[in-house]
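First chain written, first letter: the chains are A, B, C and D, and each begins at residue 1.
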Amino acid sequence: MKTPVPDYLKHVLSACAANDKGKLADYIPELANVNPDRLGLALSTVDGTIYSAGDDKVEFTMQSLSKPFTYALAIKEIGLIKVLEKVGVEPSGEAFNQISLDKERNIPKNPMINSGAITTHSLIPYKKTVPRAEQIRRFLSALAGRELSFDEQVYQSEIKTAFRNMSIGYMLRTVGVLEDDPKEMVNGYIKQCAIKVTVKDLAVMTSVLANGGIQPKTGKRLLDRSVVRQVLSVMLSCGMYDAAGDWLTTVGIPAKSGVAGGIIGVLPGQVGIAVFSPKIDEHGNSVRGLRIFENLARDMGLHLMEGTPSAQTILQSRYTVGKKNNVVVYELRGVLQFTESEMLLRILQDEPAGKSTIVLDLTNLSLIHDVGVRMLFEGVDRLKQDGYKVVVVDSEGLLDKEQLKGRKREVVTEELEKFLEKFK
Amino acid sequence: MKTPVPDYLKHVLSACAANDKGKLADYIPELANVNPDRLGLALSTVDGTIYSAGDDKVEFTMQSLSKPFTYALAIKEIGLIKVLEKVGVEPSGEAFNQISLDKERNIPKNPMINSGAITTHSLIPYKKTVPRAEQIRRFLSALAGRELSFDEQVYQSEIKTAFRNMSIGYMLRTVGVLEDDPKEMVNGYIKQCAIKVTVKDLAVMTSVLANGGIQPKTGKRLLDRSVVRQVLSVMLSCGMYDAAGDWLTTVGIPAKSGVAGGIIGVLPGQVGIAVFSPKIDEHGNSVRGLRIFENLARDMGLHLMEGTPSAQTILQSRYTVGKKNNVVVYELRGVLQFTESEMLLRILQDEPAGKSTIVLDLTNLSLIHDVGVRMLFEGVDRLKQDGYKVVVVDSEGLLDKEQLKGRKREVVTEELEKFLEKFK
Amino acid sequence: MKTPVPDYLKHVLSACAANDKGKLADYIPELANVNPDRLGLALSTVDGTIYSAGDDKVEFTMQSLSKPFTYALAIKEIGLIKVLEKVGVEPSGEAFNQISLDKERNIPKNPMINSGAITTHSLIPYKKTVPRAEQIRRFLSALAGRELSFDEQVYQSEIKTAFRNMSIGYMLRTVGVLEDDPKEMVNGYIKQCAIKVTVKDLAVMTSVLANGGIQPKTGKRLLDRSVVRQVLSVMLSCGMYDAAGDWLTTVGIPAKSGVAGGIIGVLPGQVGIAVFSPKIDEHGNSVRGLRIFENLARDMGLHLMEGTPSAQTILQSRYTVGKKNNVVVYELRGVLQFTESEMLLRILQDEPAGKSTIVLDLTNLSLIHDVGVRMLFEGVDRLKQDGYKVVVVDSEGLLDKEQLKGRKREVVTEELEKFLEKFK
Amino acid sequence: MKTPVPDYLKHVLSACAANDKGKLADYIPELANVNPDRLGLALSTVDGTIYSAGDDKVEFTMQSLSKPFTYALAIKEIGLIKVLEKVGVEPSGEAFNQISLDKERNIPKNPMINSGAITTHSLIPYKKTVPRAEQIRRFLSALAGRELSFDEQVYQSEIKTAFRNMSIGYMLRTVGVLEDDPKEMVNGYIKQCAIKVTVKDLAVMTSVLANGGIQPKTGKRLLDRSVVRQVLSVMLSCGMYDAAGDWLTTVGIPAKSGVAGGIIGVLPGQVGIAVFSPKIDEHGNSVRGLRIFENLARDMGLHLMEGTPSAQTILQSRYTVGKKNNVVVYELRGVLQFTESEMLLRILQDEPAGKSTIVLDLTNLSLIHDVGVRMLFEGVDRLKQDGYKVVVVDSEGLLDKEQLKGRKREVVTEELEKFLEKFK
């Protein structure tokens, strides 16, 4: 069988293709030369499957799409606390190119507007031999899983007419948010905006965010969960400029748009999405891109508030082994967060007395949060108080050192089957 | 075993109890008479399990907590389109008691500020014998699963000093948003605010929202999914007044607070949460309530952006039956939304040729979205094109008429076991 | 000879009569019933000469034209300091019907917007038997020099749809600016707005302001100079709503408009002006009224910045009398303020030594400011130090007690001619 | 006799000298090095008499004091219409260093804030050999009556930290208000700000404005009356930043301040005023300077709303000559504007019939406005209709060609005495 998902995507594209409103970004001369009819869409699941349709191999410059990733890199490099000293997290209620300094603190309101993005760029630590824009290119390449490059023509074109960004840069210097030469920072920021990507690249990059910071294909952790959480939260509240409430009710996923026509979106735990269509509206958002996101939200339930009641599925299976059937095995699967842990504890609560051993098998879990670990061992303790012997099987090594502290006697790292053999 | 969840909640409470900042709401005389040390917390899962701690039986008035529910009722009664004509969905960036009319449309910016809430109240259809506040009380009672009542003393106290709401009411009348006597609407709104609840009531009420509109205990659908989605989206963007970005990054769940000291929160698909502690800050939010929500988000991962990668768990089991093992059975479970459907289709894609029959068992699914149905049947069609015979088992009747249209031949409603007997 | 001034006014009227833009105020039903083509204009000089043209006998309601006069009455009654505690003097940059509370002080920004005017109304001291609106009517009648009356129909009509003012009233009550029942104050304010006048009445009333507070016809002081100065200053900065800068550059005189179609203006020391034409623009200003004011400013130099170099004219004549021509008489005229005093002192500076007596005759002065008195006597002292004998002739009693303190020996109150006889 | 005016000024200075609040402008390093205790005050009457006290010979940089004069020069050079296309006239309600673009027109709100001043600078026509700053220096020197020079040290110091102005410049370039290199314009503007003056210079310069554009000493017209009127109007509404209403009620004259500690004020038709004291408040206004202006307004009646009723003084004398006393001579003096003309016409109105000749002598008039000319001749026509012979004596040549058109037969340019000889 061939999966029909690509056909779905094509269907979505064709439904929006007729819309010919909007116009090419004209304030960057080079951007006005692209083919206005380009239309591409790509999705990447959290396990790395990519679907795409339309112009999925056409490269275009990231522009503002680089903002959330640079924000992530800045937090990764210098920590959230230092970043928050220079850039806020509040929606600005203003267009992307306004200065929007927070009145009380005199810092940019958020990293998704230009003032905040230029500041974020400046927060990437200075390295003598690797300019900030190059550091960002390398990080974005790691996210995308391939080497990305700069569009020198767009960069040169933009640098010549970057009056507004220069204005913003000097204002940031005035209030002390920028500490160095504004011109250098603005140029670096514009270079970062000129990194070239395809919708497929973007789908992979956003799927890293959807996947809690782990590159789905390489399995490598590129960002801590807490960084991802911060970036997605800010994308949700500040990513789509004005009309935040309208976006939230009709689309409802963290997103970001760029004036070259790209829009990216992330549904945490599920998918990363990217569209590309160069004609933009007066807010700088791709006209057809917006329509596509609305359709995805409406037709595919890709909306934050369409929360999946996932708790019901924590238990893979329960069975007894041993000569006297006195060993009860719980095979778990999925993610062990608060909701699932609560569910598990409720199930264990019903375990009748009289069994001597309970085995909790973590092997098939895909993720176990701190709160899940704590609640799991809390349950272990209570079962022990009730007279059981309890063994936790962690053959995949999900639990880290910190979490294992004081628990080593209760945890085995053998494969479940092997472990159970001794009871047969 | 006794579940440790209540102990967790107690721990959270005690960690916040020491905070004695804030003060009692003083602009409603009667509210200044409550015990300022009250502290209660309750959680309700989407399957109706309630955990609570502290003053969980103390009644207090809902005040602004009534806003999201009244908004839900208004949409339920007259439809979203008509509601959007009178009340917007944009954050106001202002305090709850400001007028905040949208400049272009001259209507309240959102239903979470007083002007929007008074307007929402007025949208509940007039019934000669059942005042609007009484209609709301009945709806809220259905949500809570018990008969709620009005606090007449608080109502009478508030009515006497309701200058600001009167001012707002007359302004709404001026711009034509209110069409009747402003005094009557303001009085009705104040009465709605005086409905008494406990944190346990609120936990149940919010769990209806977490559960997509179905009362977890009665299993009765009280609100359409689309209504819930709208209400939660608006709570997320407009529920916590100023500093929306700060709330989103640190707590990150749709929420609403009331000046009597209550705060409610909803994690879609997971839990409804309610806290109560009467001392409020200058924004009108319960001081200890805010701390509790921050702790729950940080310690328990109760944050929208901590998305659970739920897709891995759609397949309960796969096995072959029949004499020639030529019948492949897929037992599904969980929720069939886009992500899960995509996962399923990917699994089916690997199905080697040469099997004559594929059985897809929906019995254990807890929910199937439209997109899931469409993708399921799309997969069915492709499998048939590949030469399979495909049968969908829907013994629980999850598919509705609309979804079954043209598909009757492929769907059976027998129990799976019974259906499989014919192959043995 | 017949003065051509009325013909000038007719000419101005006819130049503007063709303009049929604007429309009748529709938010007060009764105002929509007037003849939209009415057009009247009146001027009153500071000595009480009235010129008028067009519909100069048609009565209409003052509406907002009552605001500056009520402000004057409030200051007269309770003093400027107390008034400033409740109403500011800053332009609001907003439409007349906005609430416009000053953010820091939470009081209305100025007395020319409705919130400030309702507050000003409330500042008129309560009298058991004379409602505030009646007190205001009596004061306005004194200004106009005839008994004015209320338009009961307009009052009743406006009271029924006074939603916005009611809203403002309740908001003022909320913030504590109003201390009594908002409804009563709003009704009183609306009644004040319904006082009927003609353009001739208004010209007289404004000429009192132009004349420093003295009714030109009766010669009676109705307002202190300091009150007039305050009222005119506020009219200048806050009288014409938005576009204050535009008004100042093109017309440049303190003014106020009312939605019934009246506009009044005051050129201090020169004229009071009133026009009436009921069709108003979107700001509530009479369309033809604005044009007329612009024409008067451009064609007649009636603009604050067309300051008259008045100093040159302080000296009526200088001559010597006495047998030895040793008595030098200075007959002064006009106004003795700083500029004129400076001029006088400079002239006296040239007085060659050797004369034994200098007579300064104040008889023909129309006004002598405090600073004029001080500088005059300072000059007297210096002349005396130079060896002169100096006599000030104040036959009209211009100098008051305070000013005469310690100066009685130098001042005579005889008529000049009589006084000079002794030297002949 | 020695005039006591200088002693008055000293008294005013010493009354304010004790105030040691405020601090030196610190954002321009060089400004932080001046003697903070400097205190100077100068007044110039419209006939060129200068009074001064305190540090009246100390030079300091004009800074923002250059704004109104540059605005005047720009209007003089390219006309008001072109200037208004680039810079508005509305108060900004913001600090001097904000961008404050008018929202609708996207141009600076007024020429008194930096964005408007930089734009105004750019409007001075480009001359290859004379930089704009030099053109301005020359014009200011003409106003001051001596060659002014640049303070190169302050200029160099400011240029290094001009981040905010650079930001403003680039923003103006973005919106197309500036059409050339922003850096060049900002540097030029900063150079213009570094022109050095004393309070005496400033008093003379402002007296030109007070005198309707004519340099009092040289008698040369440097600016048209209409330009002066525009500049003064804008100074009044936009000159003192925030709190325009407060300034208007307490001081009430067009003014401008500079961060080097200067404040200038103009009372049209009367005086130009300048103070200097380097310590400034948080708005950038000289602390002691403000106090001095308040004192001058309060004690000396130097307030726009203290309008002088000048009309009474238009008639110098009336007498009859001729054998039969049939020639009535009216010697006029002062200014012939609307108010005075009206007065004159009223006097003529009383002229009994039967005299054959009326002579109107303009010789002693100091100024005759267009409206005055028109009304005068209108009166002449009516007198003629009544049967008089009328002769206007204009021995000083006050009437220009345009005004004389068609009137030559009625006007003689002989000296009055000579002209009257023929009747004797």
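The working rule: contacts are C-beta pairs under 8 Å (C-beta built on N, C-alpha and C of every residue); 3 or more make two chains touch, one makes a residue touch a chain.
Since the structure is predicted, the reported quantities are computational estimates derived from the model, not experimental observations.
Chains making contact with chain A as well as with chain C: B, D.
Inter-chain centre distance (chain C to chain D, centres taken as mean C-alpha positions): 24 Å. The distance from the centre of chain B to the centre of chain C, with each centre set as the mean of the Cα atoms, comes to 63 Å. As a whole-number value, the distance joining the C-alpha centres of chain B and chain D reads 67 Å. In chain A, no position touches at least two other chains.
Taken as a graph of touching chains, this assembly forms a single closed ring in which every chain touches exactly two others. Every pair of chains meeting the touch criterion is listed here: A-B, A-D, B-C, C-D. Across the complex, chain D is touched by residues 163-164, 166-171, 173-174, 182 of chain A. Those residues of chain B that touch chain A in the shared complex are 1-5, 7-8, 45-47, 49, 88-91, 93, 110, 210-212, 225, 228-230, 232-234, 236-238, 243-246, 248-249, 252, 254, 267-271, 299-313, 333-335, 337-340, 342-343, 345-346, 348-349, 351, 366-367, 369-372, 375, 378-379, 381-383, 386.
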